[in-house]
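You will see two complexes here that share chain A, one where it goes with chain B and one where it goes with chain C.
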Partner chain A sequence: MNAIILTAIWGVIMMFGGVFFKKNTTPKYWAIAGIVIIIVANIFEFFGHQIFHVDTKGMLRFDAFSLHFNTIVFICTLLFFLLSGRDFEKIGIHVSEYFSLIFFVLCGVSIVSSFNTLLLLFLGIEILSIPLYILTGSDKRNLKSNEASLKYFLMGAFSTGLMLMGIALIYGGNSLGSFYIDAINLGTGHLPVLIAAGLVLLLVAMSFKVSAAPFHFWVPDVYDGAPTVVTAFMSTIVKVAGFIAFIHLFQYSFGAMQSQWQTLVVIIIAATLLIGNVTAVFQQSVKRMLAYSSIAQAGFMMFALFALNDTAREGILLYAAAYSLASIGLFSVIAKMSDYSIAGFNGLGKSQPTLALTCTIFLLSLTGIPLTAGFTAKFYMLMAAVKDGHQIWLVIFAVICAAISAVYYFRVIQAIYFKEPTPEINAQMPITPAFRWIHIIIAGLIILLGILPGLVIDWIYY
Partner chain B sequence: MEIKWYLFLSIALFCIGMIGALTRRNSIIVFMCIELMLNSVNLLLIAFSKMHMATVNAFGTSMATSAQIFVFFIMIVAAAEVTVGLAIIVMMYRNTHSIDINFLNRLKN
Partner chain C sequence: MLGTYFTFPELLLWIPFVTGLIAIFIKDAKSVKAFALFSSLATLLVSVISLCYTDVAHHPEYVDYNNVSYVWMPYIGSSFSVGLDGMGHLLTFLTAFSFPVIFAATYKSEFKNANAFYALMLLSQAGLMGVFIAMDALLFYFFWELALIPVYFLCSRWGGEKRIAATFKFFVYTFVGSLLMLVGIIYVYLHTPSFSQDSAHSFYIAAFYKAVLDPGQQSWLFWLFFIAFAIKMPIFPFHTWQPNSYEQAPYPAVMVMSGVMVKMGVFAMIRWLIPVFPAAAAKFDHVVIILAIIGIIYASCIAIVQDDLKRMVAWASIAHLGLMGAAIFAGNFTSLQGTMLAMLNHGFNILALWIIVDIINKTTGIRKISELGGLAQKSPMLSIFFLVIALANIGLPLTNSFVSEFLMLTGLFHFNKWYAAFACMGVILSAVYMLNMMKNVFYGKMNSLTENASAMSNLQKMVLTVLVIFILVLGIYPSLVLHLTEGTVSNILAHISVK
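Showing the complex of A and B:
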């Protein structure tokens, strides 16, 4: 509860702060202060100290898993603010508003991690999406940004319609007439028609939100057109929150009848892995390549939905941390570049040795090389699928797809170390020592989680 | 009247909205079709809430109210979406002097 209330309050503070802040650089420090306060309040709640006592009639349920997930997301946001806070000033003059919208998104994130009724699921997803439509179009003069924003908005509203229809059908189908997700749980019996239709509609709508194939077609255009800082935020933190909502919903409401809908998830996983990885190989722009790679990573995260056991719950947290950290680091470098082609990375190893090293670690982690967090995360996901016991071919297929992903990730590493630098591109990169140190911290965290994944996982059972 | 007629009506409205949203090229019309989808859901929820009127929860109150409150939330969220969506369409119109969705596909490369 602390996180939900404080993020909303801080969003309002940032919004009105825009009137009082004289300099464009001030909002960044306020945002960092806000996120630190929210992290502390959330950790306090994790250890049982609530600041706000609100009776939600069981509509929200805060367990160790959801609070721990909130902490991970907020720490990633803190690192994101520290790295990319300056890049918001490049989008436009309303810097304070951009931060305020991000705090509203975080409010939505903390609702979707702990909802207990379909009403709160719907509200959380909307609180998370509507500020993002605005942020995507925040570069108002840029036609690509406009296009991305309109596309994202229409697709998002359409999928909301599908989700609401699913919720209405489920409400009509269960005899209790309740929106609570554990009341929907009908056990292992045969699905009534209304609930089956509702389940499929919810599956489609949530796949839209987490960009799983075949509902991924909006992703490349939106991620490419949005300002790079915004892309960094929505391809990591928001997507991971979507997955938590997805898994939470399907575990508590339809978990017992998993065998009846598992085939649908298998088809979605296979399509997502194949389309994401194969299309990413052919991309010339690094930003677009990362958009496709985020589809491919979504395929791996879907394994948690496929297995729905304890290992999957541990794995999704680890995956959230590993994927967000590596992507935020990479996007922060791309945001500093003038063009997003692979040539922009040429000769980075000579001009910026530290940055080149950390970027290499991020790319290795995204590929899933041992000793990085990306490897342990993928390992947990596949282990969950093997423990589940059905569809072993899917695991082999996923490993092959991870091998394909090495092609496009390693091409960037090759450009960093083995190509001659193009001086006019690299000379423009303004790199401060603080930026370099935060990069080193993120790379350190990735390697630490690769060696000791228990640092993240064990807190679930606190 | 039986509940199934309400179900058929709202699914028909929903499908009209969905087909419109996928085939029309004017962004305002697409937007109206999406609103039609949301409103068909409202109709269905109200019909189901009438159906559940006799169902009683643990506290002895009728379960019907929860769906009616849900409808209010859908209306509020739809209003918020309209605010943002119309602003985005106006922004696009200022830059391109067109609200045609096909125009955007030309910008892809």
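Showing the complex of A and C:
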């Protein structure tokens, strides 16, 4: 509860602060201060200290899992602000408002991590999405940004419609007439038609939000068109929040009848992995490549939904941390570049040795090489899927796709270290020592989680 | 005393790892070279000392010196367990021995960004050591991948003209293989008994040996592991990455790859494949042996027609590894002992061969057999060294390979006469390409290119002398090695027969 209220309050503070902040650089520090306060408050709640006592009538449930997830997300956001805070100033003059919108998104994130009724799921998803539509189009004079925003809005509105329809069908279909997600759990018997239809609509709507194939068509254009800082935020933090909601919903509402919808998930996973990985190979722009790679990574995260066991719940948290950290790091470098093509990375190993090393670690982590968090995350996902026992072929298919992912991630590594530099591109990259240090911290965290995944996982059972 | 503070496997792992990390910060090219050489000599010293503490049967306290286990991820039953058995001693010695040899033999070569180069070399040594000492499947997988990454960067950064594509092919091949193995490891893990209260299953090697798998499951799991190991060795038809990446790799890296890295595949088959899936190994032995024998003959024939020295040695290596692959699956005491010996011998021989190719290449600037000639007049010492090494490669009596090939072929003969007969062709064909090289490179007419060839450095002479001594000693007294690995081989055979 602390996080939900504080993020909302801080969003309002940032919004009105825009009137009082004299300099364009001030909002960044306020945002960092805000997120630190929210992290502390959230950790307090994790250890049982509530600041706000609100009776939610059981519509929200704060267990160790959801609070722990909030902590991960807020820490990633903090690192994101530290790395890319200044890049917001490049988008336009309303810097304070951009930050305010991000806090509203975080409010949505903390609702979807702990919802207990379908209504709050809907509210959370909407609170999370609407600020993003605005942020995507925040680069007002850029046609691509406008296009991305409109596309995202139309697609998002459409999927929200489907979701509402699904919720309505499920509400009408269960005899209790309840929105509470555990009340929907109808046992293992044959599904009534209304519930089955509602389930499929919810599955489709949530797949839209997490960009799983075949509902991924908005992703490349939106991620490419949005300002890079915004892409960094929505492709990582918002996406993993979508996954948490997805898994939360399906585990509590439809977990018992998993065998009846598992095949649908299998198809979605296979399509997502194939489309994401194969299409990413052909991209020339790193930003667009990362957009497709985020689809591919979503395929791996979907394994948590496929398996729905303890290992999957542990794994999705690990994956959320591993994927967000590495992607935020990479996007922060791209945001500083004027040229997004792979050639823009040429010779980074010579001109920026530290950044080259950290970027290599991020890319290795995304590929899933041992000693990085990306490996342990993938390992947990695969283990969850194998534990489930069905569909071993899907696991084998997934690792082959992971091998394909090496092709496009390593193309960037090859550009960094083995290609001759193109001086005019990298010359004006404004890199401060602080930026380097935060990169080193993120790389350190990735390696730490690669060796000791327990640092994240153990807290679930606190 | 020793066992209470640290153990041999830990030292063998951490010395190269830590010195590798330190080497990055030594900017001066000369100092980092010397530093790497000293670090590798220290590792060699530890390895030699560890060989004095192998006799566990009579000295049970030696077990403490050679095995250690730390809690790592208790909630999934994985621990940081490392240990040395006979085979581990053998291969860690080979690794520890190879690196000083490589550093000494290429001491004159200059590499750009020497600090990064030597750091990566030492890190790859750490990875290789890890593979050979890991007693936990997850840890084994970690090192299996980690040995690859430094070599990938070495070959892509310092290799030949087409290095990026060739090395990447190598990387993707092995990466696919290891990911398939990862799925296999997870599946086997979920069928292992528990070894601690914290988790229901265990990654410990003994748990893997006790995994309950019916023959049907074994049949497909076998291939997941086999492909990973066969790519690394490489066994026909998984060998296509190898000639290109050897050709493009810088000499020190190619020495690591062919001298030590390919042994990872042989080693892993003996430790992680056959004892875990005995039923499947018995079911598919004919398939694998036939593939291996096709590889022997095919690779030997191609080696004969190669004009490029590097490619010729690469193909010759495939042929030799093929024989080891066949011998492993013959699955009897003689053939396995032969394989053990062959791993060491092949390491020595191919290192020596690469050193000679490197010398020829550096002094004349070419490595085309057709353009070379008359080197014996210019450098008689080099041609004497090469003669011994060539004969060792062919497997002439008194050289090390004779014993190992004899044992492997005898074992194969017990398994099936015809297989042994075809495998023998490899020995004959190896005589063709080795003597061909002798004739065209060292004898024949001198030409304008070879006239300017300079002499070897003293360090290179010393290294080659050491290698030749090893070749002869092991040819005359192979029991040195066979005693060491006897225990391992009988343990594995016991596992196969019990299941």
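Here, the second predicted complex is superposed on the first by the 462 of 462 C-alpha atoms of A that agree within 3 Å, B and C clash if a C-alpha of one lies under 4 Å from a C-alpha of the other, contacts with A are read in each partner's own complex, and residues count from 1 in each chain.
Just so it is clear, a contact is a pair of C-beta atoms (placed from the backbone, for glycine too) under 8 Å apart; a residue touches a chain by one contact, two chains touch by 3 or more.
In this text, all values refer to a predicted model and were calculated from it rather than measured experimentally.
Asks: Based on the superposed arrangement, let me know which partner A:Ala64 touches: chain B (first), chain C (second), both, or neither?
Replies: Touch status of A:Ala64: no partner.
Asks: Quick check on the superposed pair: does A:Gly177 touch chain B, chain C, both, or neither? Answer first, second, both or neither.
Replies: The answer is first: A:Gly177 touches chain B but not chain C.
Asks: Regarding the shared-chain residue A:Val54, is it in contact with chain B (first), chain C (second), both, or neither?
Replies: So A:Val54 meets neither chain B nor chain C here.
Asks: Where does A:Ala434 make contact in the superposed view: on chain B (first), on chain C (second), on both, or on neither?
Replies: So A:Ala434 meets neither chain B nor chain C here.
Asks: In the superposed model, which partner reaches more residues of chain A, chain B or chain C?
Replies: More residues of chain A are touched by B.
Asks: Under the stated touch criterion, which partner chain does A:Val36 make contact with: chain B (first), chain C (second), both, or neither?
Replies: The answer is neither, since A:Val36 touches no partner chain.
Asks: After the superposition on A, what does A:Ile369 contact: first (chain B), second (chain C), both or neither?
Replies: Touch partner of A:Ile369: chain C, not chain B.
Asks: Which chain A residues are contacted by chain C in one complex and by chain B in the other?
Replies: Chain A residues touching both partners: none found.
Asks: Please give the residue numbers of chain A that touch chain B in the complex, ascending.
Replies: Within the complex, chain A contacts chain B at residues 119, 122-123, 126, 130, 133-134, 137, 140-141, 143-144, 146-147, 149-151, 153-154, 157-158, 160-162, 164-165, 167-169, 171-172, 175-179, 221.
Asks: Flag every residue of chain C that touches chain A in the complex, lowest number first.
Replies: By the definition above, chain C touches chain A via 73, 75-76, 141-142, 145-146, 149, 153, 156-157, 163-164, 168, 171-172, 175-176, 179-180, 182-183, 186-187, 189-190, 224.
Asks: Of all residues in chain A, which touch chain C in the complex?
Replies: Touching chain C from chain A are residues 364, 369-371, 379, 382-383, 386-387, 392, 395-396, 399-400, 402-403, 406-407, 410, 414, 417-418, 452-454, 457-458.
Asks: Given the complex with chain A, which residues does chain B contribute to the contact?
Replies: 3, 7, 10, 14, 17-18, 21, 27, 30-31, 34, 37-38, 40-41, 44-45, 47-49, 51-52, 55, 57, 63-64, 66-67, 69-70, 73-74, 77, 80-81, 84-85, 87-89, 91-92, 95-96, 101, 104, 107-108
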